[in-house]
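Two complexes follow with chain A in common, the first pairing it with chain B and the second with chain C.
== the complex of A and B ==
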């Protein structure tokens, strides 16, 4: 038995060494990779009021994260990332020990344990229609066991027990045109008030017994003017709404079950007139109204009488009111003044009483204050102290306390939209390497330690020292370029329009800058391009990136171009281009003498604009004018249109960098049977080493490598929904390869009974895509490799030796290349979020697919596994070449998760960039979290590993030399004595 | 002699006569020592010496032929070794192939030296040399063939195009979905 076990173990050891795995050892974690955890832009924040965990705050964010943060350091205690479709509508604390979250438009209610974040219960609520959802958690802490949590969402009002999540009763409000606006649960009352509008013109008021859910009373009253929908509840028996003209404030009071309206003209409150807007903060007996960019505080009197008490400039953010001692209620407001922000905490009842006034220096690159949440605490001298959690325009989260920023979190990085890479500055002569590196003694000491480690002589302390040394190994986080290209910057553009430069060594933010525009306050960033990458002037020119942004959310709103210096993070220039931005086409092959890359920007009218606007760029572009094309995909109509350049508009307008285009071709997918769900092209900067693919029998296949290929996946319109919503007969998936110059469909492949979503990756001459097979109830991965038939005749060795071939001649899409494809499909056991492929400097190293799995991890899968040449029984020669026997599904080897034990929560994209060392590639994954690592798909064949012991090598050499000398001396001696004998 | 002397006496005072007159004993002043025979061997035993010579030449030729044929044995052994080494590239097969290439080459270089001992104006060495050359060339061919079967010779189209970069494209196209 033991023998068999041993044999089995041996076999396992043998097998595991046979399969090339790229796993890490435990002590290698964190050497090359880093992981950063974020939560996203905070929407709601609830401070703990209980003694247990006073130092924590519960936040919910726009990235659908609910998290508990440490108030002292800003660390995450626990965090849960709900799905992308599970947006959080409300968060509160119930019973003092549960965090209640309402999500998915009020159809999902969950309770999390406050200290450790474990899910206590989850209730799925019935929902009939889309509507805003409301969460009302009883505030009374002592007697609330009987009081239910009231949830309105999807047309129903649910009362849910906070203890176990059981639905106690539900009330149907799905009547047509009825909109529930407020659910109020007065303290120590068993009556629930529900206020809603019927057709926006009639106020309906229900009183519901909170125990049974029976309607006790129902009142309604029509309001002739109609309501605009904005509402502010000022007290338990009054709400204030705006009428449909937005010029009258209506106080609705429902004292004793009677509804009464009281109208107040806004113009009677303030001189300014104009459209008003009710701001969101909940203040007791007061509301904030925004008129003409000014914030006006309106006090609501006992009789519903309104009076304006104060007004503030527009750039003011306010918090909800907070009860402080002695039945007083306070609120905080923050406004900007120059580079400072002023935090003011006032009493709601008496705006002249200022409880706190602080001024704090604020970084300009954080923009304006967006939201404020305040919390009070009792200082040692028994007075009230306040801490404020503020959310800035760049989504960062800061805690202010005692006039200082206690901590800040760069939450903008949770919503990265585009990423590019940039080089670090070249090491100048002035900087001495020796000063930065260790001294020789330290170096030797370090190596001796390493040697001890490798000879298993190290004590536990030594092991710790070694690990520490490796973690902060000398050059890892230096701000200069290194020989291997391991140190780089990842430039990330976030949804807030902020640009971050992250160092690959340790992931720290090297610089960050918020986009500005002269035309609009804050343009939204769209995409990021490498604008200038100096090679010839690397010493004296700084590289720069182009950020394309837009003023406003509409696609026709004018664009903004911003050029940012990569080394310093300074905005070199920013310009309003005066036209819309629909597409940006970098022309990577064309650079001017300053090594600025030419870019074409298409606007909504189908014209293209050339950048940079210099005569030189124009000259370069004019030369290639006839060979530049563009296409656009109209996903909704199922049309792909190709355009060619027509003429310069120099005659019509003064702008000679502006060109008209003509439509050359269209590909129309029949809307009744096909709907475009995914398109993909190769990465424009991908390097391909060779055009030939050599098979086992020395045969040559010529890859069809073209930048002008578009992969399009369509499904039947019925199958565009969720997986499993259609039968296999109803759904088909068709993929196309389209030449975007001529519009020719080079290849198409149809998968009957399959469904999206399609995740694909396109590299060199192959496409790998992932979809769902409805018949097999499994996910599938298909690989399509494209080969050029027209060049396949180049097989005469003598012609090739003499160079008489046309293989390197430039090719044109108009030459109608003949092509053929090879493809193969496999089952894949997991659902996929995104797929990427490794890229290396010269394209020689074999490729790995990087699959972002549904579990937010990244799996590295060798391209060898998705090779159409795989057969069931590969011949010996094929095996030697590395062809793996065909299996029906792709293996998931646990060691090949490059994220090892970590999760990149909310994974959205994976970016790869080559290092200078051919074997190595940078991998950057973003989602709510950020993750970076370096990968060597074929192992580091061109360099020694980090833990290579130079000391051991040195000692070995010294020992060998010594041994040679000693033996030589000995042999001399012996010879001499022999001779004397 | 007298005549010469007379000539000398007529015009010169002295002269040294270097001509060897030992073959003419009758005209010598000094007698040969006793037991010394002035008869040359071939003159006195020409038949037996010719026989000996022929035997030696035959022997040389034979040896030359042997040497000429010796690569054949080598060839067979090489062939066997190559067969044993298999067709995959590894240390053993590479070593064998290179020794198979090196041996004929070095042998060809030293053809003259190998046949030097058998050099004789009576021995016809051309044929053995040709055979030797042919066999060694055969060995070389075998080595090259082995090299080829190992796939180390650039005889396939794939060997000439495997690092050919993809051709440039004339057209450039860009685009995609419109930005939202």
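== the complex of A and C ==
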């Protein structure tokens, strides 16, 4: 018996000391996780529909993505996410088989294979200065290889062969003040026309031979009024430009190399004059001008005469013109009317000829139409049909065809800025949502199938059946709360100011809402906070979130608060707060009787405002008035300031929710040697299970757990740049731990010869940060653990018994903390984009670091690998405790990539949230893609896993019962025969 | 005379130092155009590593990215596996290759200004220096656990298997063990135990008296 006990204990020890890495079987993909692929807000779109076969549209987006989409279903055929500094300026199709992208301000030209997205060639173009870039790809339908791709950027005009990317010739236009505005390459012509402005007052016109790059002719003519920069090219020999006063349209015609100007007053075209603006759509022989919020179409006659032909309301988006049959050119315009949008396609030459007029019911939560791209196709009756790709204000992408939305993509989700979690509604009594799905036989059958699967006895059909069963099972996409807390909502705020609620079960959008504001048309979203989470009182209230937005991009522009009901997605209220928003501080533990959380918002003047503006909240706040501290970081100046509350401004202004603050402390980093690159605090809602850490030799370490710790990393100003721009001697990285109440620097650690970027994570009493070591030329990860020295004497049991301990002594941030730190560094073989840590409901489960690598994968690394107590040869006792022998670099176990064989392209952030089940945590990663999974850092020790085989248990029980009966029968028989003997 | 002679190299050194200082201060300014070089390399996945992977599609070059200095520049591979970084200043750089299904060591690349952009490369993981910039994965990554095939031992080792095994032992082997003991000896030991006064369960119960 003792032996068995010992064996059992040994087994337990073995199980607990084994390193549990996240691991997944291939057939478990999609059971707990989901992955959504996006591209971002579309900037340019080029249709490719000429050939039979797959119809596709090539798009480039603001997230620096170039992608090929299926025109029928909107799926992604292929996509490439370029680097963050590699913004795409233009995209086109050359030779009918290559996608040409121009990026990096016109200095990088790439060709991708149209069917599969393979890079074909890449050319770096010379650039000397910053300028707008232009891409001109010859539109030759006959695949004539003689015409080069013309690229203007960085002061140079390059002619590039579309076949192999070879630069055929380049022309220097870097002369001072010269700006190339248009590059025209007429069909069937070997002459390239280049038009530019010299000092914005002289039009210069070049004719360049497209084969050799020689200037054939050069003409210039001064324009006394000066140009304002915007230009609209209406035909092959005319452009229209605004003069510097923006009240005169100037037609520049360059027929036969002669430049002539023709001025037309805008006031002569339309009655209401004002500052005019030339709109971007390229229409032939016509231009669109925006005057006084109206869009006016101006036709350009043969002699350069201008006449206004039509005008439209402001809420109109237009496409470029598109050649349709018989030398006609058409364009599309889209405008709103109530909940409908009207798509109209007209001929440019004859605005009364409407080729298409469609009205489409549109979701109000998409805002207005931002961009339109049209494409035509020949219907079976030989008439022209049109499809329109429209980009809405919330960044979503829709394809309209034949009066219906063929497909839509929620591209707003590619630019998530902030994420929070919310609970789903509780299942109401009496209303059973769960359906009775199985009879016992079905249930048993299902489990036997699962058993077969887990024993690898299943046939391929069985495998399919199992997978299907798993996907459908357990009601994972129900819209109610579950016992384990696996079903939740992730609320995501996007850059377009749209709020999405995503279900953790299958990732579908439960609701979405576009923020509105009374003050401005579309506020931009900044951050999200949990506003009301009823769990004790106010149970009838739905939980809600606070969205902080801003009218305008400047930090001093007025803020907007919006409160959104989490269950329904309805905006409860929205208020224009009339002051700027610099910092939003949710006050921990302070809630009013409605369970609304108190928030402080700091403005640019250093005053703070209390929300919600109720007398009750004010009462709560005033009680704790003296204990409220806050800090701000001025990264550019290298100053961290701590503030305390001073007084209410009730006397000065009528607003009694408005407080002044006083500066308590400042930490100034010398600007010549240190520059702040990263600051970080603990998550305010983090749960710490135990303060004490018992080591093997019965020693107790007390964690120094404080909510007021700030981690700051600084580097030498020279080392703030990229890797490779600095030598090891010139750069040093220093990290500090600062108490934000007193401003005391509790600990600092300097790393010579190291530089940023620093990615850090702060949890409980430890900080883990990732940086670059220039000496070893490798990335490093350092862990710092902070322990409380003042309680170290409490180890003595007698002291505890006699009550001589200081455990009940109040902890004050004012007293000088006695603390000590332990730290250790390791090499890490990858660049990192972001680091997060798992969080569980009670904080008992061991933690894992979630490292978002530059390869857009997420690695789960057990915290035990970054434990400063690791030694080269741990003793037996330490091994039993789970201390891993020290290695110089952290291991990358491929099975512990939680994203398995997926990538979260453009990864920007990882959010973790606890489930109700202690062992489990939700992980949500966002970037261009979204990814969600559920993690159990120490395996699901508190529940049976999904693939627990009940069938095996049943079979065992049946076998045991059978065995009992058989043996009973046998023994009866034996007894009988013995009695006969 | 001698002191003057001795001082001339000193002066020369001083002049050199000043000029070096001057150059050092001007270098970052001029690096925009003259001091930028091109790094060209190649990614190759040997057939041995490729054979060991389950993810065949990952081997396609269109999904591989080459990253310079932790994201400063991202380059893609051409069909022949070549990649290029343009406009790289002289200095020590880091190149990483990201391909799903493979693990590449980061490469330390020294671009020499003196030798007009001559490139020296070292794998930082293995400290092996490369004669030419051909990057090969260190290993193929397997992201999934492999299901073990049907195995009798695995079933027996599972808790339920152990339970069944234990029962079998009790049912079949215990009677055998009991048989081997002599009944008289058994009785003797039982009596001995009783005499020792070990409080057995039966003796505690009043009904057994």
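What we mean here is this: the second predicted complex is superposed on the first by the 895 of 981 C-alpha atoms of A that agree within 3 Å, B and C clash if a C-alpha of one lies under 4 Å from a C-alpha of the other, contacts with A are read in each partner's own complex, and residues count from 1 in each chain.
Rule of thumb we're sticking to: a contact is a pair of C-beta atoms (placed from the backbone, for glycine too) under 8 Å apart; a residue touches a chain by one contact, two chains touch by 3 or more.
All figures in this text were calculated on a predicted structure; none of them were measured in a lab.
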Request  = For A:587, select first, second, both or neither according to whether it touches chain B, chain C, the two together, or no partner.
outcome  = first
Task = For A:901, decide between first (touching chain B), second (touching chain C), both and neither.
result = second
Task = Check whether A:526 is in contact with chain B, with chain C, with both or with neither, and answer first, second, both or neither.
result = first
Message = So in the superposed three-chain picture, is A:962 touching just chain B, just chain C, both, or none of them (first/second/both/neither)?
response = neither
Inquiry  = For A:354, using the defined touch cut-off, is the partner it touches chain B, chain C, both, or neither? Pick first, second, both or neither.
reply    = neither
Request  = Determine, under the contact definition given at the top, whether A:426 touches first (chain B), second (chain C), both, or neither.
outcome  = neither
Message = Between chain B and chain C, whom does A:24 touch in the aligned arrangement: first, second, both, or neither?
response = second
Ask   = Looking at the overlay, what does A:725 touch: chain B (first), chain C (second), both, or neither?
value = second
Query = Does the superposition put A:689 against chain B (first), chain C (second), both, or neither?
reply = first
Residue ranges of chain C in contact with chain A within the complex = 33, 38, 55, 58, 60-62, 65, 67, 69-79, 84, 86-89, 91-94, 96, 98, 100-101, 103, 105-106, 108, 124-125, 141-150, 155, 158, 160, 163-164, 167-168, 171
Request  = Quick one: which bits of chain A touch chain C in the complex? Just the residue numbers, please.
outcome  = 23-27, 29, 78, 80, 82-86, 107-108, 110, 116-122, 124, 128, 454-457, 722-725, 727, 757, 772, 774, 776-779, 829-831, 833, 853-857, 892, 894-895, 897, 900-901, 903, 952-953, 956, 959-960, 963, 967
Inquiry  = Applying the document's contact rule, which stretches of chain A touch chain B when the two form their complex?
reply    = 526-527, 550, 555, 581-587, 589, 600, 602, 624, 627-635, 642, 679, 681, 684, 688-692, 694, 698-700, 702-703, 705-708, 740-741, 794-797, 800-801, 805, 807-814, 880
Complex interface listing, chain B residues touching chain A = 88, 151, 154-180
